[in-house]
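Before anything else, here is the set of structures, which you'll find just below.
After this come two complexes, each holding chain A, first together with chain B and then together with chain C.
Right, the complex of A and B next:
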């Protein structure tokens, strides 16, 4: 990519040294004068009525400023997709995670002590913890005001004619696949500091992935508190990982606001690790029934999926994950006849939320495991089977997704080449592959999918970039700086990216859907282009030439090949500024991708472009213990153009390791709604020692709509990992594991079962 | 975490006497990798932490060249053991066990004494000490006494030590010639993992290189304390060792174990792992003997 100076370069993360030196300021480091500490009391039961509450002992504790309960929450202060979840529950609790009281005190220790002194009596109610059982007629109801535990969310589509296609199919396979709760495990735990000024305007420091939407939520909260026409300013400290966990506003933020307002002092709430495990949202558990069929040549004819999602006790945005699951269901491979029916079901479990991939990993686990079953039945090599059915550039899928660039074939080639390198087949060793499709050009989920950027040039040739986009560790600051530097002929260190403050930065819908490089990147590029046009225009006057003969590179503006006509950019900027009638260069740009909201039939081109990938893995299965060892891992992605290959690989490596944990070891264990492993000892997050070498071929298919041709790559890394592993295990030892995580115990049980039947 | 006073005695006597002064509210601390976790979780709230780290004699790791006895001081860290060439060569079962404890950071501070005294069924360090017939030397207000490591444990978090007593060292008698030993921790992860089940095997052969002179089969997480599978050991002792006999010993050990279902893993799988790993570790021992 020699045509670029900065784009395509392996530039280390701008904030790496600061973080490594412990100088990065996280929410934990925020300290305001007079600040109090808040702590939240959670329910002791999965389902119960609160019959008595006595705060007197806790209030009597020295250092306690106030205690709030459900009674203190304004009627209209509600969270979640249905806006039906108050930050503190009154009268009834629906899960162990339910917040029942909150303390503000002088120190965190006093606040904690006060929680212990709060007396609450509960009348325990029967709980329901299995979503399939919760669908039965005589199941207890989680919410008494509903007729059924099944949410009235019609996630239902049928394109083509699945029943007819099934009759015509030469081969049909069926399967039931289940996934369980896993959680983000951000290194930085959640937290917020809320503070009011004398006029009741709110400033809240919070590590959110959605500053602008959070601002809206907080303004609504203020309104509910009777504080109309106030301002809410959201300031993001450095975020220690998001992965979707910060894609909504949460009880702790609302509680911090209520406490701060009541005490007239800033209040800080920061989760400890057990709380982070218990009181943040997980990935949705799913039960998926899938049926797929193909003709005798292996052409996929139909895909039929019924799914049940554990909604937990409250309806969060997690209930909308089926909308993203629709993407692989309708559009991974060419398939004309598709049916999908998903039900979200209330239980007394924790509620789930966004997590990297937003439903895609769950759906892809079922689809791609089942594709291997179908390939086997049809007698076709699984990689060849995928080749037969792969998507092509120019395809329009049944859901009306317009495939622009598509390197799925190249990804398959790259993975196959790597996997077949060491071909010898040992006993207990097998290979597996799985593909993915994901949005790569934004995702129109809200009314706007836009992002704004402002660029301000100073007198020294430096650019300040105020972006709506959020860097939460994934590296958007680098990408933004590289794009702006490339366009303006500057070096990366000349560009300072500010993304921390809604008072300063323009609007953005949030760091989700792998959209930041594409959308915030395009916004930055648009703003940089406007600065560039001004530089060329004004520079042409200085250098007595035409704007289009000028180039910007290495901090210079010049006519290529003419050493006379050259000038340092900073000098030009000063010239422009310090001349009579001078001006300073500032530009802004709002980029909203040309993508579509889904229609009532769920059709619509959700993204301007789509990212594809194929993962391949070689495993060894110990047939006596059930232990799976990952020997090789290849993850090829079609990314359009890598703005920064180093960061891109980082996203892929991180995604794959997250996916491996999902596949092999991670699970939040719940027994009757209670989290049994709220710690890293028992929550089996992969460690550095478990991580395997990952080969990450980058397939470049420059996309005309992406900034310098780039597509999104934030989430794909963890999407097809689990099915690739499951397929490899099947190849190795002939057992198909259909529930995640694939623990040694499950593998051994399946092997023993297989032996028994032979 | 409740504030505490941190005391650093220089001798065992001083430590014991400090403990005597604050007995109800004092706690010994070595590396602190168990103690600090409990303090933070509020499981214990001592006013005094008496550190054993400054007591020089407790950090001794030495092999007596005359008797062949190995002395491991209570505050010898897992990392020290792991890095010792002597341990790697002559006591592979110790190396196997300690080199997989927690992480590098945990091994750098965690001690063998703390591991034993914390007395959980999953203590990796306990299995080799039992398999090697280790003897614990204990000193307290009433003087010194010795207890075999296998008899140290009463139940989770409880040992035979009386209040104020300190574990000084473990002495391991010279291993018989033609001895092999091995340990495996079976878990989901490669690091930061408590064993789902821990299996240690030690075999000594007669001069014929076939007959078993001594067998030790020690299990972690197979009951409330680390335990020996005596029946399985008996099955091997005095017999010609074959793979099939090791398989039978595995069956026996699995039967003897008192494994339980827990959220971490089910009993049947733990049993299965005992079956498989006793055989595998046994074979590893035989290989080692042949190699030397």
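Right, the complex of A and C next:
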């Protein structure tokens, strides 16, 4: 928008030049003097008792410093949502991914060789790999200390009266939709370097998305190790991709800490690619039964959903994804009567965690596929059906979400305009749309949804901004710099953003829930406003005027229209610092959005504002092979205000292509708990050859609470992609695919089934 | 141990190597040139792409011993000594071709090998040349735009 100098501009990523030059240092590049290399040994079975361990041959290998097993893990060093998962398992393993031993050695090669020399005998136990079967009464138990494989998590809500609404509905449809494991595939694999000083204070380099919460986990680990009142400093190198994969602390970090402490040397653990596939957490597989109904005019009356989630063998934050699935379930479109019941079930599969969208893509796949089925049954055009039921600004949804700005209608218009340019319908070609709602104004998952920012001005008109927020490639550093530069009348290159070190950066709950632009952005804006107030106050004395007559722009402080009353900001700063009775310009601001934790009935305005979007796609389905070709893709999002359209498009394009992989090609294949495709040959990511043209209309509905009106946009790009594709396939060839990914085999099988029945 | 001689980014290098080292190991672990990234170690992702005698190769699959008497270009050799970015690097910066940046050196080297040999590469040819370079952040579009824009700013010699 023209009223801004920096906000809304396509300013290249601040760190892109060093990345383009190969100068950026990732965890892979961190080397400390005397550093050892750690490697982890994983279970050979999905479910087994460890009956014998012999480390002697491995320990005898030259260059091996130490080997740890479950016996060496302190009793209270535990990970996960239930804090019940030790970083190394003893006595029993619950999945192939379970860590059983770890080596520290002089080189990675020696460490790897040592793993091969560790002897372990297992007594194999029966495994359970299907969450629906794991719910049956006679199913083997994953954890013997539980009575059932179903976790005691109360994911259950009922608003209005679903049964009554169903009786009143003119049209009702139902369906069963399933999704499978997909994984983040960050190009930079996971890793950490742990190091202790002489007084047992820990410094850990790790590519985390949650520096402050990780610090808390590591301090608890130190305490469990008997190291009380020690410091834990978390340093983030440049992060080679996040997408939710780094929203918890993991075994490799705790193991690096244990090894470093035992050896009194820094220890580095970096995953190789197969390990990244096997030992990091996936998106949750789901089985969803959905029923929706509308009246004769297409007004949505109820939504009834039962869901089973494969929890895997251990409980991580992934078990809380139903709390986010509730968002589209209760609040995508106006629907008064909603019932939802989700069960997380232990299996001997890998455990899942956060991944871009945090449950929203799974729920939206079921809802938006099923909405098309309902629109068809009601005889209403699917885009029109969505228009009838769309959310409006000012709505309060059954979950008490307060919709402030909402550009869903404009997104529908933008997508329809692009998709329906040509009116003629070709054989085998079809279009599909799907909408999304996502948190866009923070998300109160924890007790706090806050982020702190400190700004320090130097003598030269430059601002150092220390933020709790995390840039993992998405561009928060830019957003922060642009907001601060806008407020202080500086250029982006005058703003240096530091987000890398818990010793200097303030607290933040982490880069999740598309919250960084909104929350860390508001924190930066708040801190900048305080600096601005000081600059205006002190500048008014220098320029002999009143603070409110002054403006900051283009590195100057001045009275508009009065050339006499103008001064360079850096000169003013030097005067402020370098005079008797001087002062320094430092400000801090902690922004915690006015949003609510969900209550026991799951009601509560989780986010200060919500982001909406509509995706539309045109596909061609080859009826001979089942192959789906994406011809056109339109992804319209209501983002409030684009702080940086270049980066915004990058988030949308990247999200959409990740979503296309989810829809069409990606699947971590597990056979009896074993990962069968831990490499890029067999795990089918979209490549440059598969890339599709994407049009990304940006709908701006400046939100009163967002920094300069902005809402979050990190995750939405991959949320409604799969149902848009499924709906387009149905439109093209009349088959409804209900399981992801929609491979040619599944399409072909459905086409053959359809032919058989006709 | 074997001594090899090669040209690396305009420097003549003599280096004693172990015969089993990959070129990636030599560059990253021995010579400290961290710009070349290891994304998979198996020739599947292209993060380790360097140019050997004008051809983009996966340095994780290329033995260092085979670099003897060859000309090697890595990402570190692209910017001029005064810090000015190569037009391709600048174009990736300006057009949003870089997010997390882990694939970027490999992407840029594959693009350079393409444009060095085919200055007027079409979108399809760019897609083909980058087919072995995986990016998880960008969805590739801004990468294609970066390469196309560089054709007009000196990226194609």
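Here, the second predicted complex is superposed on the first by the 758 of 758 C-alpha atoms of A that agree within 3 Å, B and C clash if a C-alpha of one lies under 4 Å from a C-alpha of the other, contacts with A are read in each partner's own complex, and residues count from 1 in each chain.
By definition in this document, a contact is a pair of C-beta atoms (placed from the backbone, for glycine too) under 8 Å apart; a residue touches a chain by one contact, two chains touch by 3 or more.
Keep in mind that what you see is a predicted model, and the values were worked out from it rather than measured.
Residue contacts after overlaying the shared chain place A:688 against chain B and chain C alike. Touch criterion met: A:273 reaches chain C, while chain B stays clear of it. Residue contacts after overlaying the shared chain place A:624 against chain B, while chain C stays out of touching range. With both structures placed on the common chain, the touch criterion links A:647 to chain C but leaves chain B unconnected. By the touch criterion stated above, A:745 is placed in contact with chain B alone, chain C being left untouched.
Between chain B and chain C, the partner in contact with more residues of chain A is C.
Looking at the shared chain after the overlay, A:680 reaches both chain B and chain C. When both complexes are aligned on chain A by C-alpha atoms, chain A residues 680-681, 686-689 touch chain B in the first and chain C in the second. Across the interface of their complex, chain A is touched by residues 103, 186, 188-194, 263-266, 269, 272-273, 276-277 of chain B. Listed in rising order, the residues of chain C touching chain A in the complex are 33-42, 44-45, 47, 74-76, 78-79, 85, 89-90, 92-96, 98-105, 108, 126-128, 130-144. Looking at the complex, you find that chain A touches chain C at residues 12-13, 15-17, 19-26, 28-29, 184-189, 238-243, 272-273, 472-475, 646-647, 649-650, 653-658, 679-681, 685-689, 691, 693-694. Listed in rising order, the residues of chain A touching chain B in the complex are 624-627, 664-665, 669, 671, 676-677, 680-682, 684, 686-690, 743-745, 748-749.
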